[in-house]
Each structure stands twice: as C-alpha cells, then as structure tokens.
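What follows is a set of structures for review.
The same subunit A turns up in both complexes below, where it pairs with subunit B and then with subunit C.
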Partner chain A sequence: MAGLTSLPTRLRRLKRSCAQRAPALIGIGLFCLAWQLIGSYRLAGLTWPPLSVVIGYLVDPDHHRLLTRAASTTLRAVALGYLIGAGIGLFLALAVRLFRPARAGIDTFVALIHVTPAIALAPVFMILMHRDAIPVAICALAVTYLIYVAATSGLDGAKRHHIDLFAVMGARPWQRFWLLERPTALPAIASGLKLAIPVAFMGTIVGEWFGAARGLGLLMVSGMQNFQIPMLWAAVLLTTLTSLVLYALMGLVERAVERRFA
Partner chain B sequence: MPDIPQTECREAIALRAAGKAFALDDGGSVVALDGIDISIREGEFVAILGPSGCGKSTVLRLVAGLETATSGTVHIEGRAPAELAAHHRLGVAFQDHALLPWLSVSDNVALPFRVARKPVARDTIARLIALVGLSGFENARPSQLSGGMRQRASIARALALDPDVLLLDEPFGALDAVTRRHMNIELQRIWSARTLTTVLVTHSVEEALFLADRIIVMTGRPGRVLRDVAVPFARPRTPEALRTAQFHAMVDDLTRALEPQG
Partner chain C sequence: MNRLVPFLSRYWAVLLLVVVWHAWVTLGDLNSIVLPAPLPVLADVVTHPALYLTNAAQTMATALAGVAIGVLLGAFVAILAWASRLLAGLLTPLGLIFSSVPIVALIPILARVLGYDISTVVAIVAVSAFFPTFVFTGAGLRDLPRATDDLFKVLGATPWGRLRHLVLPATVPNVMISLRLTVPEGVLAAILAEFLMGRSGLGFMFREAASRFAMERALGTSLVVTLAAVLFFTLAHRAERAVKARWS
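This part shows the complex of A and B:
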C-alpha cells in the first residue's frame, strides 16, 4: 500500500533509512578522501594517483573504447565461467546426493582442487588450452567449489521433523528430494551464488594475467609494465565497482529466496 | 474385503512384547521401552498418557514405522507399519507441526496428495481446512499463523488422505492452557464427524479423558504399561463433561498414577 502512505510517514522513513546508512556513507567518504589526499601529496609515491585522476581517466571519452572493450571481454568471461562453475557445482552436488557412495570421494576431490592455488594451476592450463579460455577456466573452477559446498550443505539441511513427515507420508526418495530437500537448499544455494560473484571476478582477472588478448586483467598488467598508472588503477576500480554492483544484485535475489523458502 | 459386522473387534494396531533400546556413544545402551503389550481396535481412540521421558513418543514412533523395535513385534492391520506408510494410509501430526514453511496452508494440506501422486482434491482440502477452523487462511504461510493455527493445519494435513490410522504426538503440547482446551473441543468435533483408529500421546490427563475411549498409562525408565483404563463418558462429549464429579474423580485417580512411586 505504498501509494497510500502519507507524506510525513514517507519522510520519516527516508530520514530513518538515511540515518541507518550514515555510518556506511561516512566510511566510504573517508576512504575516498584518504585516497585523494595520499595521491595528491604523494604520500605513497608516484604509483598512487589521486582518486580524481583515476575517475578522470574513467570518464575521459578518449578511453571509453579501450575500457568498454576490456570490460565487456572480462564480463563475458566472468559470466561464462560463473555459469559453467555454478552448473558443474550444482551437478556434482546433485550427483553425490543421488548417489551417496560418491560423496566422500567427490568431497575430497573438490577440496583438493580448492586448496590448489589458481596461480599454481595457471601454467598447467596454459599448456592445456587456448589462452583466451584460461580466465573462464580459473573462474569456473573457483565458482564450482563454492556452489558445490553451498548446495551440498543446503541439501543436507532438511529438518528432522520434515524428514519424519516424508517418511510417514510414504514418500519415495526422489519425492523427498524434490518436495523437501530441493526447496530447503535454495536459500543456501542463493547465498553461494552471491558469494561466488567476487570469486568469479578474481578467477577471471587472475586468468587474464596469463596472456589473455584483452580484458581488464590485461589492462592491469600492461598498465603496470608500461607505467600507465592511472590506467592500472582505473581498471582495478572498474573491476571492483562492477563486482560490487553484481554482488548487490545477487544480494537482492538471495533475500527474495530467503523470504520465499525459509 | 468382506464386510465384517463387528468391526470393533478387529485389531488395528498390535504391539507384542515390544522393546526398544538405544545404543549410546560409549558402547552401552539405554532401554527406552520394555515389554510393551498394546492392542488397539479398529476405530478406537486410545490415549497414551505418561510423564515426559517415559517413552510414550517412542511407542508412537514405533507405530509410525519411524523406529524399529529391538525386541517383540509391532503390527498395523497385521503388517509392518512402514507398509501402511508406503501405501499412504497413515496420518501423523507431530509435536512441532512440521509444516513446510514455503507452502501455503492449503498446499501444506495438499502435500499428502502430491506424495501419493493422487489428483489434489480441492474440495476435500477446503472441507478439512474448514473442519479445523482455518477457512480464510488457505493462502497464508505457516509463519503468518499462530501456534494453535499451525497445529490445526498439521492435523488437517494428517487427515488429508482419509487415513486408516491417525497418530498424534502431543500436537498441543506447546500450546497454552486456553488454546489447548479450545483445540481439544475442536478435535472432539472432528471426531464426531468421522471415525478412525487414533493414538494420541499426551501428558495431559484432562486431554486424554476428554478425547479418548481408552487410556494407557505408562511409567518411565524403562517405559512400561502401568494401567489400561476405559473412559466411560458418552459421546459426543461437551465441555460440560469436564465439570462432572466422575470426571474429576478420574482426573485425580490418573494424576496419582502418574506420580512417581515411593
């Protein structure tokens, strides 16, 4: 009934939400100010540009072609790796749920892959696949682990009394899975999908360092090697902001799923 | 099945020297039930009364097929309880309603139909929801209901497939005295509308006397049957029946029986 809310009520709500966000806004403001001051006064040397210079680089129309091309390449790799990783993670979680003897083995296998640093695997990928596929592969690997863990723990999350209920109703295992375990797991899977966003970016950027033809990761490396400091920082800032926005959007999805299923 | 004129004489539930021991972590075991002999006729309403921890819920879980007896036998209609559950002929209302939080009241009540893969009888569901006094709340989620309303929804769900046997595990245990009294009157009304073999586990003497045809009193550690008392009050029982001298005398008698010996 938002349309019927009186103006004073809405103003009160606005005030309250501003008051709740004030600490966060102050924190972000202080962070930006510190960045600007450290850069302006060269407190951290020449490689720390003021925030205004980095933003200036981002908004300069001369750089738009370069930045959009790099960002769209990276985003495509992130999206592809994220979807592949989420798909494999969910598939493995379902597989060990439906075929329990495989559980211990797959758990160990997935954990092994997770503890192996992506950096260490990258050279192996370089000799195995095309260099443009490496960002997607590392991204997918990292996302797979997260989604697998979220989905398996979610599928195990059914409450004792609900399991008893399905037993006395004479439910078959697949019915228990579909009508009980699947909906029970959805909030955990949604959380996993949210947490996987920054992980996907990290995997993709690291992958791009290993010889990708374009992408934000490549901009970072070439900015570092050619002393194009504002470009390096602009690429980092753009990556961070994109990751943050997608993370926030997945947070909304997570909350909606939480409200619906928990 | 041939029609047997004296249906009351047919035995619906039979426990013969049934015992249950639980293994402990330290390798020992604790005897929860010892030599339980209970025979319940078809259409009979039996209350199992006892102090908490006397194993009365374990008796119910044996009858529901959720536990297996470590000695003796448990049969429903001459077969293993799990068989009755597999044929969707068992209705159970648990201590903690066990409604699925993501389903509406009517979808929760319809759940047994989906599990039994029978077409959902919308009119049956509407009738059951009306029977437990939840008309108008068909689309409400369990989180939007009070504790008493959730228990009533779970009783409607237990009745959905017109089961042969209904098991009630302290369905009103968590409710306050006033709501509980109200629920007992409702349950009484539901039973005047249909007859089915019912086992109610409770620690409330008044509830047992008000609802049951027969009361089995148990003692704890290990759980044994102490007394088997027929309830003499004619049906339908009104709240006025709770105020007669005979009712009070029986309450006193059974309350004394529940008190620890010595």
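This part shows the complex of A and C:
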C-alpha cells in the first residue's frame, strides 16, 4: 500500500510528523543545554557537572570496567525481580479469578504492600535472605503489585453483554476464560508490564542502597558520600536512560498487543 | 459475627502474615536479634511513644509539605501548558520522560546539589510528586471537550473567566487524583532521603536501628512507617472522593 500513496501525500505526512516531533526535540534540547550551562557556569555549585563532563565520564574507557560491572549486576537483578514479580502478580490474579472469595483479602494485602514504602520491608529481607538478593526481592514485590492490579482489572474488563452471550451459547467456564477474558485482559497486562519497568529499576536501586556489594545504586550512594560527582551523575544517567529505553521497547510491545486484541 | 465475616474476608491475608510471623519465631526458637516476634515489636513502639511520634511527625510533615508543593506546582504548570501551545509542546515530552524514569535515582543527586538538609527532603518529595501530577492533570485538561471552550469564547468569556470557570473546576478533581497517586511515592521518597542523608526522621531511625541490629526498633519503625503511609493514603482517598462529590 505504501507504494500507492503519492509523493506529495507522503511529503505532507513527513512534514506533519516532523512538526509534531519538533517541539519535543526542542524541549529535550533546551533541557540538555540548560544542564550544560548550569554546570559550566557553576550556577548550582560544584556538585552540578556540565552534561559534557558526565558523558565524558561514561565514554572514558578507564571507567568501562567499573560501569559495566555495576550495570550488569543491576540489570540482572532488575530482570530477575521483574520476571519473578510479573509471575507472582499473574499467578495471584489467576488464583483469585479461579477462587473468587479470596479476592478481597488478596486485594487488601497487595494494596498494603504497595502503600508500605519499600524500605520498610528491608529489615525483614535482611533477616530472610542474603544481602545480594534484597534488590531482587524489593524489585519483585513492587512489580507484583502493578501486574496484579493490571491483570485483575483486565480480567474484570469483559463486557456484560459478551459474558451474557457466552452464557447463552452454553460456553464452559474455561472457554469463557480463554476466548473472552484472556484476550480482554492482555492489553491491560501489556501496559502493566510497560509501567512496571521504571518500578522494577526503582525497587532494585532501593534494594542496593540497603547494602548490596555492587551495582549502579551503590555507585550512586558512594558517589554521593565521597563527592565523586561525575560518577554519581553518570550512574544516575545510565540508570534512567536504560530504564527509558526498556520502557520504550515495552511501549512497542504494548501497542502491538493492543492492535491485535483491542 | 455479622461484622466478623466481612472483616475476615478483607484482612485474612494480612492476619495470616502476622500469624505466620509469630509461629515462625516461636516454633523456630529464634533469637530476637535475628527476628523478634510481633508483640515485642509492638511493645517497643508503645513504650517509646515520644521517640516514634516526634520522628514520625517530622517525616510526615516533610512528606506532606513536599507532596503539596509538588502537586500544586504540577497543576500550575499543567495550566500554563494548557494556555500556551508552545509551552505544552516543550514541556509535555519532558514531563512524560521524567514521570517514566525511576525518580528515586535522583535522590542522591538532589541531596548532593541542595545539601543535607530537611528542606532537601521536601524538595525531593516535591520533585517525585511534580511530574506525575503535571502529566496527569495536563491530560485531563486536554480531554476537555473542545465545544465547551468554544462556547465560553462565543459567549465572550475573558481568558481569566475561562480559567476561573472552565479550567479550574476541571483541574481540581484531577489534582485530587494526583494527590492520591503520588502520596505513596512521596512518603517513600521522604524516608529514602532521610535514610540516605541520615540526619533525622523515620528513615534515619531505621538506618540507625538496622546498623546496630536493633531489630525490634527497625521493625517497629517499619510498622509506624506502614501505618503512617496507610493513614496518608486513606486520607488522600477520602479527600478525593469528597472533592469528586462536590465538583462533578
């Protein structure tokens, strides 16, 4: 089909998409410029380095070993915690779907875990597990909440008249689940999985602050305490950029699922 | 009995957790340095009311101030972005980016740039509340039916009149939802900031207790933190419902 659209139409489309993206790019550009200028004129003191210094720190080969080691530790914890959390969240959502009387109790429990600041659970984890596992545990817990809420609300999302139709046609419960509730829930679960990305990073970083041996969170804290300013900013920039890229990728997955099922 | 069943059906999982905890300590015959039972933890809170209360009051006051500042600023900037397409174009992408990064990662930077101070904790909480509020309230304003705005213009409403009678009423319910959404993260940000900077508040109590393995104190602090967070969240939820009933 793309070959059939005339050149002027395509040019117009290109122009429109540029016009839509331009303010965003200008906004981000101004942000980077402000970061650079505040840093180079020391408007916020010595602890605010120019953007170029932070990028210089990230690309300097001398720091590659330190950064890759920290980043791979953190990423492994994020991945593990994310998978465990998503698994538990989905499992709980399916369990309360199968056994409805348990729903209210699990809802309260999960909401309580969400409202409890992650750090309040840290002493419990310190007792239960090795300190290197704490980031994974806090990450998993935070992800569990989001996925549970997304999956339960997604499973509840089937329209009344569809449910009635299935009942009238004499569908078995598992048929209703597989053919109606599963497809309705998938878009909600996909957007839950997207929103869980920054949450997973947050949980892991907080867990690392609680005494992990290595990781980006540890670099942040030691950079903060020892005035290693470029390292502090580089660790934060690396964390946020990685989280953003993964978030954007999950956004693509979310859109694909939505196109297929919604 | 009539009240017990709904109570149990809502809280059975929480109660089960406490029972398992208690059983585990008693049956496992654990040392209180490893894991104290629920009762001694509660006893530590009850027998040191002043210590817990002053620190909790400080943490909650800083968290409340920070969330209030962040939410109000976020709503204010969202209204500015509603009024100016240029600002909307420049700020919305930045807002989206910042509301989808793990904002707690900024705590060490803010602590270093602003200094180890209680006002820094307020600023950190405000930053964590600002971006989600800006994005959420802004989306609410963009969803205003075009026709209402046109009607206001046709009837000759001044920009101020449109702001007063159209935009503000539409903003208030969204602000209340933002408040509920940002309160848990605000409390977390406040406690993390206190934990990292280590001056005062529940976050500091926590760090101090954990470092000398005073598990009763550490878990007591967890309990108080959780209670305070639940209280905050419930209040925000109530306020949201009250405002919703009044404004729509």
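One rule holds for everything that comes next: the second predicted complex is superposed on the first by the 248 of 262 C-alpha atoms of A that agree within 3 Å, B and C clash if a C-alpha of one lies under 4 Å from a C-alpha of the other, contacts with A are read in each partner's own complex, and residues count from 1 in each chain.
Everything below uses one rule, namely that contacts are C-beta pairs under 8 Å (C-beta built on N, C-alpha and C of every residue); 3 or more make two chains touch, one makes a residue touch a chain.
This structure is a prediction, so every number in the text was calculated from the model and none was measured.
Peer 1: Does the subunit A-based superposition show subunit B and subunit C clashing or fitting?
Peer 2: Fit - subunit B and subunit C, as placed by superposing on subunit A, sit side by side.
Peer 1: Going by the touch definition up top, name the partner, subunit B or subunit C, that contacts more of subunit A.
Peer 2: Of subunit B and subunit C, more residues of subunit A lie in contact with C.
Peer 1: Give one of first, second, both or neither to describe whether A:W209 is in contact with subunit B, with subunit C, with both, or with none.
Peer 2: In the superposed model, A:W209 contacts subunit C only, not subunit B.
Peer 1: A:L7 in the overlay: touching subunit B, subunit C, both, or neither? Say first, second, both or neither.
Peer 2: In the superposition, A:L7 touches no partner, neither subunit B nor subunit C.
Peer 1: Which partner chains sit in contact with A:F166 here, subunit B, subunit C, both or neither? Use first/second/both/neither.
Peer 2: first
Peer 1: Thinking of the overlay built on chain A, is A:A118 touched by subunit B (first), by subunit C (second), by both, or by neither?
Peer 2: In the superposition, A:A118 contacts subunit C only.
Peer 1: Once superposed, minimum distance in angstrom between C-alpha atoms of subunit B and those of subunit C?
Peer 2: Superposed model gives a least subunit B-subunit C C-alpha distance of 19 Å.
Peer 1: Which subunit A residues are contacted by subunit C in one complex and by subunit B in the other?
Peer 2: none
Peer 1: What residues on subunit A touch subunit C, complex-wise?
Peer 2: 22-24, 26-28, 30-31, 44-45, 47-48, 101, 104-109, 112, 114-124, 126-127, 198-199, 201-202, 205-206, 209, 217, 220-221, 223-224, 227, 229, 232-233, 236, 239-240, 243-244, 247
Peer 1: Could you list, by residue number, the parts of subunit B that touch subunit A in their complex?
Peer 2: Within the complex, subunit B contacts subunit A at residues 64-66, 85-88, 90, 92, 94-96, 98, 100-102, 111-112, 114-116, 167.
Peer 1: For the complex, which residues does subunit C have touching subunit A?
Peer 2: 8-14, 17, 34-35, 86, 88-94, 97, 100-106, 108-109, 111-113, 184, 187-188, 191-192, 195-196, 203, 206, 209-210, 215, 218-219, 221-222, 225-226, 229-230, 233
Peer 1: Could you please specify the touching residues of subunit A with respect to subunit B in the complex?
Peer 2: These residues of subunit A touch subunit B: 159, 161-162, 164-171, 175, 179-180, 183, 260-262.
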